[in-house]
Amino acid sequence: MTATGMSESIWPVYTRGLWRENPVFVMQLGMCPTLAVSNSVINSLSMGLATLAVLVASSALVSLMRNVIPKQVRIATYIVIIATFVTVVDYALQAISLDIHKALGAFIQLIVVNCIILGRAEAFASKNSVVRAITDAAGMGLGFTFALICLGAVRELLGNGSLLGFDVFGPQFEPWAIMILPPGGFFVLGAWLLVFAWFKERSARTAARKEPSHAG
Amino acid sequence: MTAHGSILELQVSPHLHTKVNVSSIMLHVVYSIVPVCLFGVYQFGWSALALIVTTTLSCLLTERVVCWAAGKPSTLGDCSALITGLLLALTLPPGLPLWMGAVGGVVSIALGKALFGGIGFNLFNPALVGRAFLQAAFPVAITTWTPAGAPQRFTSFVPSTFAWPFSRPASVDAWIAAAGVDGFTGATPLSLQKFSHIGTDIGDLFLGTTAGSIGETSALLILVCGIFLIWQGLMDWRIPTAVLGTAFITSLAFYVLNPGIYPSPAFMMFSGGLMLGAIFMATDMVGSPVTPLGVWIYGAVIGLVTVVIRLKGGLPDGVMYAILLGNALTPLIDQWTQPRIFGQRKKQHV
Amino acid sequence: MLGLLNQWRRTFSHGLHPPEHKELTAKRPVVRLPFPEVLYVPLSQHTGAPAKPIVRPGQEVVRGEPIAEADGFVSVPMHAPATGRVRSFEAVPSPRGRLVRAIAIDVYPSSDQAVLYGAPQDIDAMSPAELILAVQESGVVGLGGAAFPTHVKLRVPEGKHIDTIIVNGCECEPYLTTDHRLMLEQPGAVLKGLAIIRKALGAERAIIGIEANKPDAVAALRSVIRPEDGVEVCVVESKYPQGAEKMLIKSLLNREVPAGGLPVEVGAAVFNVATLAQIGELLPIHQGLIERIMTVTGEGIERPGNYLVPLGTPIRDVLRFTGLREGNPRVIFGGPMMGPTIASWDTPVTKGVSGILVLPQAVPENNGSAIPCIKCGACVNACPIHLNPCFLGQLARKRRYDAMDRQYHLLDCFECGCCTYVCPAEIPLVQQFRVAKQIVRERKAQA
Amino acid sequence: MPDDSITYILLNSCIINNFVLSAFLGICPFLGVSGRFETASRMGLAVTFVMIVSSLCAYALNLVLVSMEMEFLRLICYIAVIASSVQLVEMVLKRYSPALFRALGIFLPLITTNCAILGLVLFQTFKGYNLVQCLAYAIGAGAGFTLALAIMSGLREQLALHDVPSMARGAGLTLMVAGILSLAFMGFAGLGN
Amino acid sequence: MSEQAQSNPLVRRPVAENAAAETRKMILTLSSVAALSGMLIVGVYQYTLPYIEANREAMIEKAVFTVVPGGVQKRAYGFSDGAVIPDPASAGFGERFYAVYGEDRSFLGTALEASAQGYQDTIRILYGYSPEKACVVGMTVLESKETPGLGDKIDLDPVFKANFKALDAAFDSASGKLVHEVTVTGHGKKINPWEIDAISGATISSKAVGAMINRSLQTNLPRLLPHVDALKENTP
């Protein structure tokens, strides 16, 4: 299984996570942090980057050690590795900005149980070379960040009238508080998933329409 | 003998059918809501009328657009969107900006109904989904009240009514001051009771000359309309009975324990949205259980949660949340209260 | 509490009150219908094995003569409904639409159609076992509509005892008035039949249950009952489906027949008044069942009334006599709540057909737009068996038949039609359940 | 009601700030196993079990870590505690209640990566709860999780019978329903004042 | 790989030896990974600690100097059995306070922590108290989950915050109580200096702030006021 992938270009490995197998929108993984910290773009971005860092680092290490880790204890090893990097990121973030750390709260530490990371470690990094593992992790991490920003942008724009903290609609704008509240998180993510499902359905329909014309 | 050569129509029994159908049910509900709307307009003036019209149009338009987008025939004829629009308006404060009302209408139909597959498939009362959305989205505007019977209500609109879409509504303080209503503090009887421990005359509550949402003020009128529906056999009398009964008993228990702090059961029954919710909202057929026992449990849950939120919670009124919770519990209640069938000896455990 | 109230009112819980439409024929005495040119006597007019013919084509038959014999215990013989010549064995449509084998008889137009067959027998001297045999020989089946061979009901299983005989004079189906007329015109025959059955079963009590909308029938029966007969006449609430066995037992005795069980399990047996009247008439003279009373009514009939019709008369001939209005009609065998529509004008009248109802074509009330279930619960409050048709219907839409059977007692539905009648969304619930029951039974048979 | 009383902690973690609907913890199982009531309630039960066990273990562990001034190892230790709690619960159940073990069966291993558990032990540490408060917190959170899952499963069983538009089938619709539930639970805000 | 695949499956290596080797390898890997992680974490912890401390200090300073206007220097204290001890290592929330000093090293007042249950969850605040003026002189919210647009006005609404610029908190040392309890009135009804004008529509949040300040003053003033002179002298 490793051999077949080797000759392939690395680009599809990278883009896969961004769009086609986007961890949030398509594979519906890592929903908890997605919903919890996406009430503003800056929080989304920080959370996305923190996850990206953990993802890349742990994928790299798992891939490096893939031949020495015994099968029976691999999950335990992965979790230790991930927890280590999460702790590192946690302290790093505290050193960079306490405000952001406070806004993200426990969800930084909860990256440990984000299924994306363990999932990539188990499904990809443990079977692929370091370069490919890092590429894949970066793709997935960026895809996750992208999804978070999608959510954060809508929620901040409607919920606060601003984007990245800059006022967009002027002082007369009446913010939709619900967008910052928990229900808003559910609604916006749900709406994004509906949009994706609609796209998928439409492209499936177009594809179906094209097929017979080819045959004819 | 020509008839004997004619085509025989094959149909399955039964060959008789009751005259009641979905459209006639819905139409009667509309008839019973209209007086409540008219009274609301009488009490709160043109602004209330504008809001009722806006939410209704918004609901109808959304329903039409949804049908068009799904490529289905129009379902406006079943009147359910009309009911949703009217009911939504009845739960809103009269001075709410029209654009917020329109947002509420869109949310009610799109999120509360169309998403689940349209009429008959909505899990929650659509009007309450819209109302709860508005409550969470615009907490200030939706708790800005105007007094009932303000003298200028038919000569001017409440200033907040015509706020530009997405913009902050204008202050209503000057308008209220111009009304010259003594001691009006912009609070409903329930919030006066909860936050300031000021009671309101039960007679006023019963007749509906107090501040509040457009349609919730007159307990008497709502009762009359509800009795009309029950008499027509178009409403399940057990649900309002269970809701009001439980609310009465629970508030009586609180009142007996500590009459100094807790309001009287009569106040409970006639204030806020309890009457409107019990009669028009909780009885929404789609979101309520169908089993005989389930209906009572459902009503009791709503009554209990309402009183608990009112007396112990942070909000002055909790009817809306109680009914949404009741709706959420309905499938489970239905499953757990399957009736004992004829001739079945003991309840089988599934 | 509600149970007590129901007992006091002599009724069961749930059910409904459809418009009765009985005024069309209730006042019209029974009239004999002329014999048609050809009679088609299906060999399977009852529940159970079809009868075996004992005549050949070309053979001459006398009115009342046995033309087919019972094939086993759950089967009854057939008798010639008219004097004539057997033409052939033909396939004719049954009321349910299936093709069944029938004996076609060319009726002699010149015959006086007197019943020459049969001889008096001493009922009082016969033992219960002999009575059961005599009932089978008479070919009588449940004339209320079920067409279940009556003698089978008379043989009580080992260890069971029937203490009460219930006579079903409810006729809860709208439009139908056959039982009503019969009770008015032949109350003596009913009592006679009841006495015979009672002897065969050795039952202590006998109750005649009649709906409150037929006070004249109650009076007629009471007038012929002597105190020493020990027969009670009970008035029960006019409510559909009061005439269903289980419902009537509940109303009169407050006993619930176990789900999936038979009335004998609660010590009761139910007989239709028409069945008893036929037994009372036929057994003493040892004759067979050759004709029955039926109501021909409905908006599509020119001369509605109650008619005595020879069995095997094609519906075409019945309607020729009663007149049929123009239009595309729905022709229903039996009452409007449970009766099937017929597919052919050639369908012959059989023992279980209590009426022919001709209604104009149905106009869908919701303008044809399909509205799904709005979960109003009307069906739940109508179902006399206390099923949950609302949920069953939702499951049926998604073809979850196994769940319907396992969790929601699908097979206990007896297709009374109450749920469909009340459904404001006009969902054909009963039809869905019929299909579902069929599928569930097939699956069970395969398993 | 003081905010550190047992009743308030129970109420708060169960309905006021429901773990799933308000704190966004345990969303994955909430979306994943809420299709049928039976599985949902078993999952809820299993999570509640593990929550109680790991909450108490984590409380003890935190005392040790604080006394040794090794708070920086907290996360790794907590994860280890949760994983072993799951193992422990699995073993105890297998030994003493095989029926329940069979019922919870496949859900137990999944719980290790359920963020509601880690969230619970982290929050109880941040809030500085004592042993009894931790227990109340775990019970409340477990009850809240089970409640949300049970309600959702009921609704989804009902939705399975509905003609939901094709594009709305799946997680999108479940999230929307969760949003409405979350709205409904907002009514409990301020409870106990 | 290919060699193994071709080897005769009937010839097996001894199982026990194999298993022991496996176990050894497992333990070795796990412990080395654990050791590696431990080292990494300790390293990062040591490296980031000063930065984190600095951040935390800056954050506290910002809050403290907001609630005690004019403050430029502060000193942390903790309550302990009737005494105040400087620079407490492990005082819990509410058990710690800061003495604030102005540019001329004069004692301006103290910043105290308080918390209470709000509308959605616990609200934590820091408020400034000036013993000289016998007043609360400022308030800032440290942590709250109150409703955006409504309850969160306790931190954002300047009108509400103006309540705390000179909130009367005179203490009667004879009775050991505040002369006037701090109370929250309905919106626009504030008359006396010890009253807090509630935010319209956010009564519960407003009341929570009032109640927590009142409670904190009642408990903390008796144990703080005796040490004011010491705080004055003990300039940083």
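All chains are identified by letter, namely A, B, C, D and E, in their written order; residue positions are counted from 1 within each chain.
Note that contacts are C-beta pairs under 8 Å (C-beta built on N, C-alpha and C of every residue); 3 or more make two chains touch, one makes a residue touch a chain.
Predicted model only: the values in this text are computed from it and were never measured.
Undergrad: Just how many steps, at minimum, does a route from subunit B to subunit E need if it may pass only between touching chains?
TA: Between subunit B and subunit E, the shortest chain-hopping route counts 1.
Undergrad: Which chains sit in contact with both members of the pair subunit D and subunit E?
TA: Joint contacts, listed by label: A, B.
Undergrad: Taking each chain's centre as the average of its Cα atoms, which is closest to the average over all protein Cα atoms shown?
TA: Smallest centre-to-centre distance to the global C-alpha mean: chain B.
Undergrad: Farthest chain from subunit D, comparing Cα centres?
TA: So the chain farthest away from subunit D turns out to be C.
Undergrad: What's the farthest chain from subunit B if centres are computed as the mean of the Cα atoms?
TA: C
Undergrad: I'd like to verify one number: the distance from the centre of subunit A to the centre of subunit E, where each centre is the average of its C-alpha atoms, in whole angstrom.
TA: 32
Undergrad: If you average the CA atoms of subunit A and of subunit C, how many Å lie between those two points?
TA: About 70 Å separates the centre of subunit A from that of subunit C.
Undergrad: In angstrom, rounded to a whole number, how far apart do the mean CA points of subunit B and subunit C lie?
TA: Comparing mean C-alpha positions, subunit C is 49 Å from subunit B.
Undergrad: Measuring from the mean C-alpha position of subunit A to the mean C-alpha position of subunit D, what distance in angstrom results?
TA: Each chain reduced to its C-alpha mean, subunit A and subunit D end up 23 Å apart.
Undergrad: Would you please write down the residue numbers of subunit C that are in contact with two or more other chains?
TA: Answer for subunit C, listing residues that touch two or more other chains: 372.
Undergrad: Touching two or more other chains, which residues of subunit E qualify?
TA: Answer for subunit E, listing residues that touch two or more other chains: 37, 41, 45, 119, 147, 149-150, 204.
Undergrad: For subunit B, write out the residues touching at least two other chains, lowest number first.
TA: 111, 117-118, 121, 133, 136, 138-139, 314 - these are the residues of subunit B that touch more than one other chain.
Undergrad: Output every touching chain pair, sorted by label.
TA: Here the touching pairs of chains are A-B, A-D, A-E, B-C, B-D, B-E, C-D, D-E.
Undergrad: For subunit D, which residues count as touching subunit C in their complex?
TA: 160-161, 163
Undergrad: For the complex, give me every residue of subunit B touching subunit D.
TA: Against subunit D, the touching part of subunit B is residues 70, 111-112, 114-118, 121, 123-124, 129, 132-133, 135-136, 305, 308-309, 312-315, 318, 320-322, 324-325, 328-332, 335.
Undergrad: State the interface residues of subunit E toward subunit D in the complex, per the touch definition above.
TA: Listed in rising order, the residues of subunit E that touch subunit D are 37-38, 41-42, 45, 92-93, 115-122, 145, 147, 204.
Undergrad: Per the contact definition, I'd like the list of subunit B residues that touch subunit C in the complex.
TA: So the residues of subunit B touching subunit C come out as 1-4, 6-18, 20-25, 73, 75, 77-78, 117-121, 236, 285-286, 288-292, 295, 334, 338-345, 350.
Undergrad: Subunit D touches which residues of subunit A in the complex?
TA: It comes out as residues 28-29, 31-33, 35-36, 76, 79-80, 83-84, 86-87, 90-91, 106, 109-110, 112-115, 118, 181-187, 189-191, 193-194, 196-198, 201.
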